[in-house]
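Dropping the structure in here first, questions after.
Chain nomenclature is as follows: A, B, C and D, assigned in order of appearance, with residue numbering initiated at 1 for each chain independently.
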Amino acid sequence: MIEPSEVAKHNSADSCWVVLYGKVYDVTNFLENHPGGSAAILALAGKDATEEYDTIHPSGLLEEYLDPKACLGVLSASAPEAAEPTRISSQSASKEASEETPLSSLLNLAEIEQAAKRKLSPKGWAYYSSATDDSITKIHNNLIYRSILPRPRVFIDCRECDLSTRFLGLKLGLPIYISPAAMARLAHPQGEAGIAAACRKFGAMQLISHNASMTTQQIVANAHPDQIFGWQLYCLKDVKRSEKRIAEINSIKEIKFICLTLDAPFPGKREIEERQKMEELRAAGAVLSPQVWGTDASLTWERTLNWLRMHTSLPIVLKGIQTYEDAILAAKHAPQVRGIVLSNHGGRALDTVSTPVHVLLEIRRFCPEVFDRLDVIVDGGIQRGTDVVKALALGAKAVGIGRAALYGLAAGGQSGVERTLQILADETATAMRLLGVQHVDQLSLQHVNTRLVDSQISDSESSMLNAESVEGAFPARAKF
Amino acid sequence: MIEPSEVAKHNSADSCWVVLYGKVYDVTNFLENHPGGSAAILALAGKDATEEYDTIHPSGLLEEYLDPKACLGVLSASAPEAAEPTRISSQSASKEASEETPLSSLLNLAEIEQAAKRKLSPKGWAYYSSATDDSITKIHNNLIYRSILPRPRVFIDCRECDLSTRFLGLKLGLPIYISPAAMARLAHPQGEAGIAAACRKFGAMQLISHNASMTTQQIVANAHPDQIFGWQLYCLKDVKRSEKRIAEINSIKEIKFICLTLDAPFPGKREIEERQKMEELRAAGAVLSPQVWGTDASLTWERTLNWLRMHTSLPIVLKGIQTYEDAILAAKHAPQVRGIVLSNHGGRALDTVSTPVHVLLEIRRFCPEVFDRLDVIVDGGIQRGTDVVKALALGAKAVGIGRAALYGLAAGGQSGVERTLQILADETATAMRLLGVQHVDQLSLQHVNTRLVDSQISDSESSMLNAESVEGAFPARAKF
Amino acid sequence: MIEPSEVAKHNSADSCWVVLYGKVYDVTNFLENHPGGSAAILALAGKDATEEYDTIHPSGLLEEYLDPKACLGVLSASAPEAAEPTRISSQSASKEASEETPLSSLLNLAEIEQAAKRKLSPKGWAYYSSATDDSITKIHNNLIYRSILPRPRVFIDCRECDLSTRFLGLKLGLPIYISPAAMARLAHPQGEAGIAAACRKFGAMQLISHNASMTTQQIVANAHPDQIFGWQLYCLKDVKRSEKRIAEINSIKEIKFICLTLDAPFPGKREIEERQKMEELRAAGAVLSPQVWGTDASLTWERTLNWLRMHTSLPIVLKGIQTYEDAILAAKHAPQVRGIVLSNHGGRALDTVSTPVHVLLEIRRFCPEVFDRLDVIVDGGIQRGTDVVKALALGAKAVGIGRAALYGLAAGGQSGVERTLQILADETATAMRLLGVQHVDQLSLQHVNTRLVDSQISDSESSMLNAESVEGAFPARAKF
Amino acid sequence: MIEPSEVAKHNSADSCWVVLYGKVYDVTNFLENHPGGSAAILALAGKDATEEYDTIHPSGLLEEYLDPKACLGVLSASAPEAAEPTRISSQSASKEASEETPLSSLLNLAEIEQAAKRKLSPKGWAYYSSATDDSITKIHNNLIYRSILPRPRVFIDCRECDLSTRFLGLKLGLPIYISPAAMARLAHPQGEAGIAAACRKFGAMQLISHNASMTTQQIVANAHPDQIFGWQLYCLKDVKRSEKRIAEINSIKEIKFICLTLDAPFPGKREIEERQKMEELRAAGAVLSPQVWGTDASLTWERTLNWLRMHTSLPIVLKGIQTYEDAILAAKHAPQVRGIVLSNHGGRALDTVSTPVHVLLEIRRFCPEVFDRLDVIVDGGIQRGTDVVKALALGAKAVGIGRAALYGLAAGGQSGVERTLQILADETATAMRLLGVQHVDQLSLQHVNTRLVDSQISDSESSMLNAESVEGAFPARAKF
C-alpha cells in the first residue's frame, strides 16, 4: 500500500512513478522506450494516469511492455474512478447530453461532424481533425469529387438497388468500409468494438488499426460469421514485436487479410496536434501520433514482402499507393499482393499531394491493366453518396471512411456509426438509382464525366519518367 | 352533426379523423395509401385539415381517393374559415402587404425571388427553393451561363426584334416557357391558373405539373385559343390511375403534348425540405415532395413508350435527358417522341450532375443530328435574358423557368408572373438586338464563345462509352 | 415678368412650364420630343430646372430644340443662383472640401475612384459607375489583364523611355487616350474642357462624346496646336440633325477623325441607374442615358458608310468591334475606315460578353492581317500601367480610359485628370523599363504570356462560323 | 562644442545641419547627392539623426561620402543615447518582449511572419512586406506551389535524409539559402551578422545585399571556414564606386561569387512603402528603397559582362532571369556566368509577372540544356518544405528565402533566423522522406505532377518569338 503523497514525489525523469488502475508503477527506466515519447509520461509523473492511459491503449499492453518488477504495489486511497475509467460518464451522461439533438435529426456527414466536434474533448478533436501543414490535401480530397460530373441515364428500371459488392473475393454488404484509424476510444468508450457492431448491421468491412485502443479479440468478439475484417500492419523497428503481432493475427479467423500501410513511413506535420500537445503537455498528457511509435522507415518491395511471406499466408493489401508507377509495381507482386488502397492518409502525410481520384485516373490513363490484377479501393474525402458512386465508377471496388466513422462514434457510439453508414448507404442507393444502375458493378466510366480532372493529370507518361527511377531500372510501361 | 371535441379524440393511427371543408372524414384506412405518406395526415389527426389540404390538392381529388363512406358527417360548430380556406386573406391582405414595394420596382429575377421569400410561408420557401444535397448543381445551373460569352455583331439593323418561336410546330409568343412545378397554390391562391393568365398575355407556353394544385380544367379555363399547354406525366405504380389521367388529358384540347418526366424516377435528397418537414410534422402538416407519390421506377424505353402509344396519340416530349447517349435514343424514337427537355430537375434530383448547357454541347459534339430530329428545350438556372439567348444560340428552341415563375406568383399572383415574364422578355430582346439578330432562329453558334465549357466536355466519345451500355448493345455513334 | 407662383401652377403634362436661366418656358408640346423622355421634364414641371438642365446639356441646345415662342418671359423674383448655375460652389467650395486629402496622396486609380465617389452626387456616381445587369463584363474587363503575364527581359538599356506613339499617322504623347463619355459636367463644372486641358499637358488624345455637356468649340478652345481630338458620332434617327452636326464637326480643325459608335445600338440594362432614376424622378430630374436619345438602330455596313462618305472626308474609326469577323469586315472598308476600337462599352451594353483582350487574341489567331490594315485601339478595364503595356504588346496602338478620366475630373477637375494621367503614364513607363523596351512600338508578343486567355478563345474558326452569317455570304477567311 | 539650439536653426535646404554619433555635420551641399534623396535628410534637418542613420547605413559610409570639412564639431550636451544608438533597447527590451511567446512555439513561417509584424516598426514592416502595385505576383509566388502536386513513392528506405547539396561546385548544408535583402538592421540590431551566425549552424549559403546595413567584413567576421557567401552587385551609375566595391569584395575570401542583380533596373511601385514614406517624411526620416540609390539602368550583356571580367575573376551569377530566352543567353556566357537566379524580386519589380516556377517550366520545355550549363536557383514565395522540394524536383539547385529570413531576424535575432531555417529544414526533410528520396539530387520530375502549371506556359515557342528580339538576331533555339 503506497500513499498518494509518496507517489507525488516521484514526478521527474530521475524518478518517475505513475498510478494505473489502482497500482503504482515505477516507469523511470521505461521513459525512453515509450513509443509515444517520454514527454507524454512525464506530464503525468507522480499522478494517476489511468484515464489518459486507458483511452488510447488496448488492454494487455501494460503487461507486454512493462517488467513485472515495475509494479511497486497498490495505491492506498485509490479513488474508485481511478480503478475504473470514468470517461463514459464524463462524456455521455453530461447534462447537455440530455438536451442534445437526436441522431435521426442529423441529415448528412457534415452535421455528424459538427455533433462530434461538440462532444469530443479538445485533444480528441485535434487528433482526429488534424492534417498536415495547411490541410490543402485534406480539403482537396473532398472537393475533387465535385469536379467529377455524374451522367444519369434515363428509362432504366431502378426499382431494385443492390449495394453489395466483392473485395478479394469476399462478399461485402456495402461498397463503403471503415478505414483503419487509431484510438477510437478517444471518441467513445465503445471504441473499435462499437464500430464493429455497427458494421455488422450493414455487412460493412472494417480495417482494424494497428494502433487500436482495444485488442483485436475485443473488437471482433461479436462479429457475424460473414463479417469481414482486415488488419492494418505498421512494420515496427522492433521486428520481433511485429512478427509476434502477425502471428497473433494469423490465429484470428475473422481477419481475412493484412493491410500494410506505406503512406506514412515518417510522420507528417500536423500543427493542430502539435499546438494541442504544447498546451496539454504539462497538464494532462498529450496524445501523440501512434504513427511515430517506432515505425520502421526502411521498407522495400522485395525485402519486406519476402519477410511478410514467411510470417503469414494471409492476402496482402498495400495501403498508400499514390502513383501509377507504384500501382504497377504492386500488380507485379500479385498474387501475394491482392489489392491496393489509393490513399494519402487522409491528408495527414504529405500536404498538397494529389487525391486518390487523381491516382485512379492516372492508373486509367497509363496502366488500366492494374484493375484486372488487383482489387483497388480508395479512401479520403468521402462525404456524400455521390462521392461513393463516382469512385466506384472510376474503378474502385469500395471506398473507405476514416474520420467520418470516428465522428459517428463520437456523436453516438455504435448508433452514431450506424447513422453515418445509413446516411451514406441511402445516398449511395439514391445516386445509383438516379444514374440508372441496379448493381455496384454496373457503375462504369460512362457514368462520369471526368474531363475537369483529366486536365490535371500528366498527359505524357515520359514527363513523369524521364528521370531515373529510385527503384532502379523501372520499366517505362510494365506489361504483365 | 359532429362535435369538434369528438373529432379531437380520433387523433392517432388507430382511429384518425380529420375535418375537410366542414365535413368530418375517417381516414384511418386511407393512412397507408396516402401518396404523401401517413405522417402528413397524422400531424393533423383530430383537427381541421382544410387549409393544409386545400393548398396543395386539386379539387376532386378527395372524391377520387376516398370511399364515400369515409365521410362521417358535418362538423357542428364549423368556423366559417374552415368551410372556405382563408389563405388569401392571411397572405395578401396582411398589414405589411400594404407597405410593400410595387412589382414595377423589382428590376430583375433576383429581386423577385427576394420579394417571394418575404411573402412565402417557411414551408413554401423550403419546398420551392430546396435542391439536393449541397445544391451544387442548382448553383451551377445558373453560373454556367456566365462561362458562355456572347459575340455581338455590329452594323446590323436591329430596330425590329421578334421573340416568337416554334416548338413542335406550334407558334409561341416567347422563347421562354413555364416548367412544370408542383403545388403552385403554396405560392398564391391563384395557383396554376394565375400562371396561365400571365402566359396568355405573352403567348407563352405552360407545362402543367402532374401534381398541380388545381385541376387541368381549372388551369386552362380562360386560355386564349392560340395558347399552348403541355401536360407533365409521372407514370404511377398504379398504372390504371395513370391511364385514367391520360384519358382525361386526351380530352382537353388545350393540351398539345405530353411531357413525360424521366429525371426523377426516385426522389433526390433535399435537406432544406427534410428539415422543414421535421419541424412541422407535429404541428401543421408538412409538405412532402409529390414526386414520391407513387411514381413508378421501372420505366424503360420500349415498354413505356409502347404503353403510352396505346393510350394517347398526343406527341411525346421526354423531360430529363442528361446525356448525349439518351438524346440519341430519344431521336431513334421519333416521330412518336417529338422533343426532349434537357433538365436536371432544377438540381433537385442528383447533385453535382452537369448542367443542361453541358448536355447541349455534348450533343453538339457527338450527335448534332439530334437537333434535326427533335425539338430540344432546356430548363434550369435561367436568370437573365443573356442566359436565354445563349441557350437558344446553342440549339434550344425555348428555355423553361420553374422556380422563377413560382416566385413571381408568390410576389404578386398573376401580375407577379407577368412581371417575371416581362423582365425576361425585355432582357432577351435587348440581348438579341445587341447581338445583331432580329428573330430567335437567327441565333446560332457564331453568337457564343463556348470555349470555357468546351473544356469541361469529354473530348473522346470512347472514354464515355468504353463500358457496356446499360441499355444493351448501344451503338457507338447512331446514324439515322 | 412672371411670378413663381404662376409658374408653379403649370406642373403637369397638360400644361408644363419650367424656368431656365431666369426665363420661363412652356415645354408642354416639347414633352414627347424630349430625347431624354418626358418624365425627366415632368419631374421639374412648375419649377426652376436650371441646375439640372445645365449640368448635362451643352449651351445652345435650348435654342436648337425649342421654338422661340416657347419662351414666355422672365421670372420676376428670380434668385441670382437661378440665373447662374451654382453647382461649382455647391460642389467644390463645400466645407469638407477644405479637409480633403490632396491629389498627390492618391497613389493609384482605385484611390482616385474612391475620392470621386465621395465627391460625386448620387446620380453622378450611379450614371458613371453603372454597368449592365450584374456587371460581370465590367469586372472582367479589368481582371482579364491579370491573366496576361508580362515577360521581362534583362540586360537591356532602359535609361530612356519614350511613351509617344502614333494613331492614324498622328503623333500622340501617350499611348493612353480619353474614351468618349457623356456629360462630364456631372462630375465637375470644368467638364470636357477640363479634360482637354489635362490632355494638353500630356499630348494625350481625347475622343469627344456625342453627348458632351459642352459644345465642341468650348472643349477644343484652348487646345495646343498639336493636340489631337476625335469626335464620337451616334447616328440619330433624325438623320438631318446628324448631318448638321457632322457638318459642324467638319469645320473644327482640331477634330481629326470621326469615331462612329456601334456597340450600343440599343441601351443595355443598367440597374444602378434605373434604381437611381426611380428614386429621383419625382424629386429632382433623373439622369437618363443620353444613349437612348434617338439613336438609330438601323445602321448597316454599306448604307451607313456610304452615307457618311457623302457628309465627311474625315477618317472613320469604328467603335465597338467585338468579334474577329467584324474586324475583318472593317478592314475590308479601309481606307475609308482607318481604325477600330475594340470595346464593349465599358460593360454597359451586353453583360457577360468577352473583353477587348479576348478580341485582340481572336484577331491574332484568325486574322492578324487586320493589324496591318487598321489601327486598333482598345478600351475598358484599364487600371494599371501593366494593363496598358499588355494591351500594347498584343497589338493595340493605344488604350482608352473612360470612367477613370471622369473620376479624376470628379476628384479634382483638370488637376484630377492630370493626376490620373500622370499615375498611368508613370506606371506605364516603369513597366516598359522593367520589360526592357524603350519605345511603345517595341512592345510585342514576346513580352506577354497569353496562355491563360488563349484557352478561352475558340480554337476552331469553323465552330464560330458554322452558321450562316447574318451579313449574308460571309467569307470563311477574308483575304485582302 | 556646438549647442543643440544652434543646430536647430539649420533646418532647411538653405542650411542643413544634422547630428550623427555626437558630432555636428553641415550636409547642405550633400543634399542633392544623397542616393536616398534629399527629402530623407531634410526630414531630420536641425536634429539628431543618429538612430535613423545608423539603422540602415553600414559603418564607414559617412567617411566615404562626406567631406571631412563637413564635420563642424562636437555637440555640447549630446545625450549618451545619441552617441550610441539605442534601437536595441527600444526594440528588444520592451515590456511586451518579456511576455512574448517563445520562438519554439512558432510552428511555421506564417507564424514567424506574424511575430515579426508585431515587433517591427511600421516603417520596417512597410519596407519588408511591400510589393509592387496590387501584390499579385507576391501572392502568386507562393500560391503557385500549391498547383504542383508531389508524387510520393512507397517502399523506399527513408531512414536517412541528407539535405546537403552543391552550388557552383561548393558544398551547402541546406538547399535553402538567404536571398540578398537590404537593411537587415531595420529588423534587429544584429543585422546581417545575425543572419550569418544562424547560417553557420546549418551550413546555409548567404547572399549579402549590396545595400546591407553592415560592412561585408562585419558580416563575415565570424564565419565558419566552410561557410559560403555570395555578394550582390547593383551596378551604379558611378562606375568608379562600383569598381572600388568590387575590388574590396575580391579581397574577402569568404565571398565565393558575385550575384549581379538584373531584375530591378528601375524601381517598381510599392504603394505600402510610398504611403509610409508620405506619413513619415516630415517626422522621422523615411526609408527609401536603396534600389534607387544610383543604380545604372544601362546594362547590356556584352558591355557589362566584359567590364565585370576586367574587375573580378569571381564566378558570376545573374539574378532576375524571368524568361527562357534570357536563360539561353546566360548559358551562352558560361563559363564566366556560372549560375542564374530565377526571381521576380519577390514581387517588388513588375507586378503580375509569372513566378519562378513558371520560368523553371519554360526552361524545361524550350531549353532544358540550360540546366547542364548553369546552376539554376530560385527565390520567391517559399513558405513550406513542400515548396522547397518542388522547386528542387523541377531542377533548382537551391531555393532562396528573403522576407522569411528578415522576419526570423525581427522575431528573435540570430535565434529567430535559426528557428526559420530549422522549420524549413525539418519540413523539407519530412517531404523528402515521404516522397521516398534520401538525397537532394534524387529529386526529379517524376516526383511532381506539373500539369496545372504546364497549361499556363506557352505551348509554342514561336508564339513568344514571332517578334523581333530586342537583343538583335535572337536565335529561335540556341544550341550550345
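Rule of thumb we're sticking to: contacts are C-beta pairs under 8 Å (C-beta built on N, C-alpha and C of every residue); 3 or more make two chains touch, one makes a residue touch a chain.
Note that the structure is a prediction, hence the values are computed from the model and not measured.
Novice: If we define chain centres by averaging CA atoms, which chain lands farthest from chain D? Would you check?
Specialist: B
Novice: Could you report, rounded to a multiple of 5°, the rotation needed to superpose chain A's C-alpha atoms on chain D?
Specialist: The best-fit rotation has an angle of 90 degrees.
Novice: Specify, for the interface formed by the sequence copies chain B and chain C, whether it is same or different in terms of residue numbers shared by both sides, with half as the dividing line.
Specialist: different
Novice: Find the geometric centre of each of chain A and chain B from their Cα atoms only, then give the gap between the two centres in Å, rounded to an integer.
Specialist: Going by mean C-alpha positions, chain A sits 45 Å from chain B.
Novice: Quick one: report the Å distance separating chain A from chain C, using the average Cα coordinate of each chain.
Specialist: Spacing between the chain centres: roughly 64 Å.
Novice: Which parts of chain C, given as residue numbers and ranges, touch two or more other chains?
Specialist: If we look for residues of chain C contacting two or more partner chains, we find 455.
Novice: Which pairs of chains touch each other in this structure?
Specialist: Pairs of chains that touch one another: A-B, A-D, B-C, C-D.
Novice: Which bits of chain A are touching chain D when the two form their complex?
Specialist: Interface residues on chain A, with respect to chain D: 133-134, 136, 262-269, 271, 274-275, 278, 297-301, 304, 318, 320-323, 325-326, 329, 344, 349-354, 358, 455-459, 463-471.
Novice: Under the definition above, what is the set of chain D residues touching chain A in their complex?
Specialist: Chain D residues touching chain A: 105, 107-108, 145-146, 148-159, 384, 386, 426-427, 430-431, 433-437, 442, 444-446, 449-452, 455.
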